[in-house]
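Here come two complexes built around chain A, the first alongside chain B, the second alongside chain C.
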Partner chain A sequence: MTGPRMWGLVAEFESPDALLAAAHRVREAGYRRIDACVPFPVEGLTEALGFRPTWLPLLVLTGALLGAAGGFFMQWYAMGVWYPLNVGGRPLNSWPMFIPITFELAVLVGGLTAALGMLALNRLPMPYHPLFNVPRFARATQDRFFLAIDARDARFERGATAELLHGLGAAEVSEVAR
Partner chain B sequence: MTTATAPPSGPPPVIGAPHTYTSVTDKIAGIVLTQRTGRGWLFGFMLGLALLGLLALAVTMLLYLGIGIWGVNVPVAWGFAITNFVWWIGIGHAGTLISAILLLLRQEWRQSINRFAEAMTIFAVMCAGLFPILHLGRPQFFYWLTPYPNTMSLWPQFRSPLVWDVFAVSTYFTISLMFWYVGLIPDLATLRDRSQSRIGRVAYGVFALGWRGSARHWQRYEIAYLLLAGLATPLVVSVHTVVSFDFSVAQLPGWHSTIFPPYFVAGAIFSGFAMVIVLAIPLRAAYGLQDLITERHLQNMAKILLVTGLIVAYGYFMEGFMAWYSGNRFERYVQLNRIVGPYGPAYLGCLLCNVALPQLLWLQRVRRSAVALFVVAVFVNIGMWLERFVIVVESLHRDFLPSSWGMYYPTVWDWATLFGSFGIFLTFFFLFIRFIPMISIAEMRMLLEEERGEAAA
Partner chain C sequence: MTDAALVRLERRALAVGTAALIVAAVGAAFSPAAFFRAWLVSWLFCLSIPLGALAIVMLHYLSGGSWGIVIRRVAESTAVTLPLLALFFVPVVLGMHVIYEWAEPGAVAADPVLQYKHAYLNVPFFLARAVLYFVAWIGVAAVLVRWSAERDVVPDLDPRRFRLFAGPGLVVYGLTVTFASIDWAMSIEPRWSSTVYPMMFGVGQVLAGFAFTIAAAVLLRDREPFGRLVNPANLVDLGNLMLTFVLLWAYLAFTQLLLIYAGNIREEVTWYLAREQPGWLGVAFALIGVHFFLPFALLLQRAVKRNPVALATVAGLILVMRLVDDYWLVLPGIRGAERFHWLYVVTPLAVGGLWLAAYARRLRGLALVPANDPLVEQAMAAHGH
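Let's turn to the complex of A and B:
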């Protein structure tokens, strides 16, 4: 093959339903390195593409618990150990007074984990991706639905895969340069 | 399908005109990318800049001459600064309520107003954050409020509601910003892909972080968005609760009350929705968005305004009732002093704006009229400011001992700082509507898809 090496193929669909049907068929045909690019989350697409559930909720829970534990520890340590101040014999570990900050830090760390963890797991920021080489792909963030098959897929075969995508009602199938 | 066949008595549709994915994208992105800068925008932006200049002047004077240029003194040491702080932060609450709580409650109509309501939250919290810092007297030491390793080996007093406030407000700002930005990423990618200019492509491209709408990304994105909403929901309730602790933990008559947390949260949502209405009505008229921010949105917001207004009215009533029922003469005096004391007009004005006027919203004619709704909302905003003024000043100026009574008169610099804070808000808000899609395009496409699904079913 001359020219730039191929990253894979991308097929353009006009409706989410067409994309969903195509995703099912492509997976049934045995393809595994597939992804879809859509302007909004299409219901059922994750299942159609066979993605596993994400670890993100567990990460966020861990973050929130760490935030709470760290927040409480900080207050308990500062008020009870580092600089104990006896005010009228009140207990140094006045835990009810530590709850608001404990809660705020749980939310803060949990929320930051949710936002930054999502970006990290998605490998964003990612300024370049081969799909951006396809001019029509600009509509993936607007009004068209794309199904991409990676050339490294075991079943990938330039002609046959393109034909399969055409057969699924793709409006256009483009080769993606690397 | 509800759009075509709904009887006239049913609720108006969430999306007015027949839209497609392409047309909503064109319409909303077009406002930012292709529409020419209008005169109205320029006027608003200039007004914002002028007020910002006023704020710069007021703050410079404050830093140069000190806090004595304000009317605050013992016994009223809190004055306008804390009134404005509570008012601004309350306004922010509606943005989070719309974006987080209504998302969890699956209120789909929220999707066309959440973006600018969240922007409003962020800018309002920025305005709010300014006041306690200016009010410190020595604002350069504001970082003493945060726990950091220091040579004095000291910590902030973690048992103080004022320190809780620092944590609550900074967490609130951070989480609101994250929530807003995460929601923006797909739209920034849309703008990147549509922009005709190189500057636009690069600028939007940098902030879009290379988003390409991958289904794998959407999967994590949706979870992250939902979790952020789940975290923001208790957060928003906690913020005004903690703000109310600033008052209710003190022993001052008029402050020391257990009704403060719920009453503050309701008041915050009340004033915030009023502000959303004040912003939404001119915006939809100026940019022709009546098909996306429909009558349904205005009516729903009017209903929320009515409900939260009634909760606030209940709060006022219970304050009075408990003052009488407690048999505490100081509490009774504070309540009486509210009505007939020197600040009586402020309290009566607050009752008029927050309790009497919102009752007009029972009438469908008022809920349906954009102009009437706008007027009621403006008065609610004024009324809520007066409420905070009454809470802050009226309780402080006459406490237990008549020998320690005093009066507070705002100076020209108090007013300049209050109006100047609108400079921050307006400047940022006008920049926002010029450069960022004010309605979430991705969520509008989802809404279309849902409506299509309902139509097929």
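Let's turn to the complex of A and C:
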């Protein structure tokens, strides 16, 4: 396995603390294209991996504002322009009555944007990933903690990187075929 | 805030309060009506902090969670101001005839509606109810404070007793605040009524309680080991709870508007017609913008909630808007209160200054971290997540 045939390296750890310590050290060593796969949320892991804020909150805000604007416009256009209806002498643009639907649509569109945006930004659904080529990786859903380094990382050097991972107490370091 | 700083705060609050009280008393001699109105609002505002804080303490005994440990002592300590606030009810009694139309025999004689409501809205019954509310509040607060102090020295106190007391305690709080809000604020417009009003009033109190106790905890965070409780994880929880009450307040305030707008009944719309006058409309928009949208947008952000100073600033802003909201609830309903009066600024300083001095005095040397509560360890170890 050389160059383009290789996706990267994955190290297996036996405890969340060992993984956390290793993630810190790997980042300190200058690696940036790293990821972890764990069977349950490990506190402090996102900070250790250096996760940065995503665009998702802005997407959700945009979705919510579009939903609100659309919801209000729908009612205003229907009640005021398209089919003007006099309800008990109230003004055609009875905005207080439009607020509940406006709010509901803001929540609906914002919520859908959050769910779909999260999937899109994570490039999900993803039926295949090179990590699946490592037989032991199935234990990421059970009792093992994995730290993966992408071969495209600027610091990545097959031998040196594997050595670093071994030095951090990895139970096993596997090469990941593409 | 060290004990020396607390003493300084107490002295300053006392000085400002006393000076403002003297100025307000002089103002009262010239325009008693404006003084009594301003006093009622300032008093309701200060009263909302201990009542809201005690409701939060009881809520936390029932719900659990690390967040409550942070503010338990700070919140409990507000109870010490209740007797002072009971004393501050005296000017409200003295000014009843200019605040409450139903307390004026002439007005009652001229209006059949007021005669009809006289069985409830009359001076002796009003005073008896006020005494009852304060007895209930001071009683509940005394039990909470005493048991909490007892737990510090008795290691294996049965924790169930706190829950068994907090449940009925919250029921008592809900009932007394409902009737107190009707007596002291809603009855200013005796021909009008709204079923959402007492709930809105109570939620406003709890919001004030959250805002005040969060700000107090942040100011006191340089005390050890209390400072370890004021960590980002707990602040995020407290910020989220405050946000919940901002939303609940906005929801209830809007619900009342929506129902009255939809109903469009002559007796009901009067409340909003009085608040649609030029000056008050501006206050309404300020409430929508600064009491709802601004804290909403700020409290959605984790960075704001994790930062003690930023969160305390938002809490301070909410507290100021609570006072504005109390003015908006009370003043437009009183005839002749449309114009701005300088006493509206000075009187809150008088009541608030004296109140704060009493509160700061209580905090001096107080152990801010409760002992023998298993939640303390959890709260100190809490990480941002």
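Rule of thumb we're sticking to: the second predicted complex is superposed on the first by the 172 of 178 C-alpha atoms of A that agree within 3 Å, B and C clash if a C-alpha of one lies under 4 Å from a C-alpha of the other, contacts with A are read in each partner's own complex, and residues count from 1 in each chain.
What we mean here is this: a contact is a pair of C-beta atoms (placed from the backbone, for glycine too) under 8 Å apart; a residue touches a chain by one contact, two chains touch by 3 or more.
This one's a predicted model, so the numbers in the text were calculated from it and none came from an experiment.
By the document's definition of touching, neither partner reaches A:162: not chain B, not chain C.
Contacts of A:94 after superposition: both chain B and chain C are touched. Once the two structures are superposed, chain B and chain C can be ranked by residues of chain A touched, with B on top. Of the two partner chains, chain C is the only one that A:44 touches; chain B does not reach it. Once the two complexes are overlaid on the shared chain, A:6 sits clear of chain B and of chain C alike.
Counting contacts by the rule stated earlier, residues 43, 94, 97, 100 of chain A appear in both its interface with chain B and its interface with chain C.
Listed in rising order, the residues of chain C touching chain A in the complex are 254, 257-258, 261-262, 264, 383, 385. Of all the residues in chain B, the ones that touch chain A in their complex are 20-22, 25, 147, 153-155, 158-159, 161, 163-164, 167-168, 171, 174-175, 178-179, 181-182, 186, 189-190, 192-194, 205, 209-224, 227-228, 231-232, 234-235, 238, 242, 245, 442-443, 445-446, 449, 453.
Contacts from chain A toward chain C in the complex involve residues 43-44, 88-90, 94, 96-97, 99-100. Of all residues in chain A, only 16, 35-43, 45-46, 49, 51, 54, 56-57, 60, 64, 74-75, 78-79, 82-83, 94, 97-98, 100-101, 103-105, 107-108, 110-112, 114-115, 117-119, 121-122, 124-129, 131-132, 137-143, 146 touch chain B in the complex they form.
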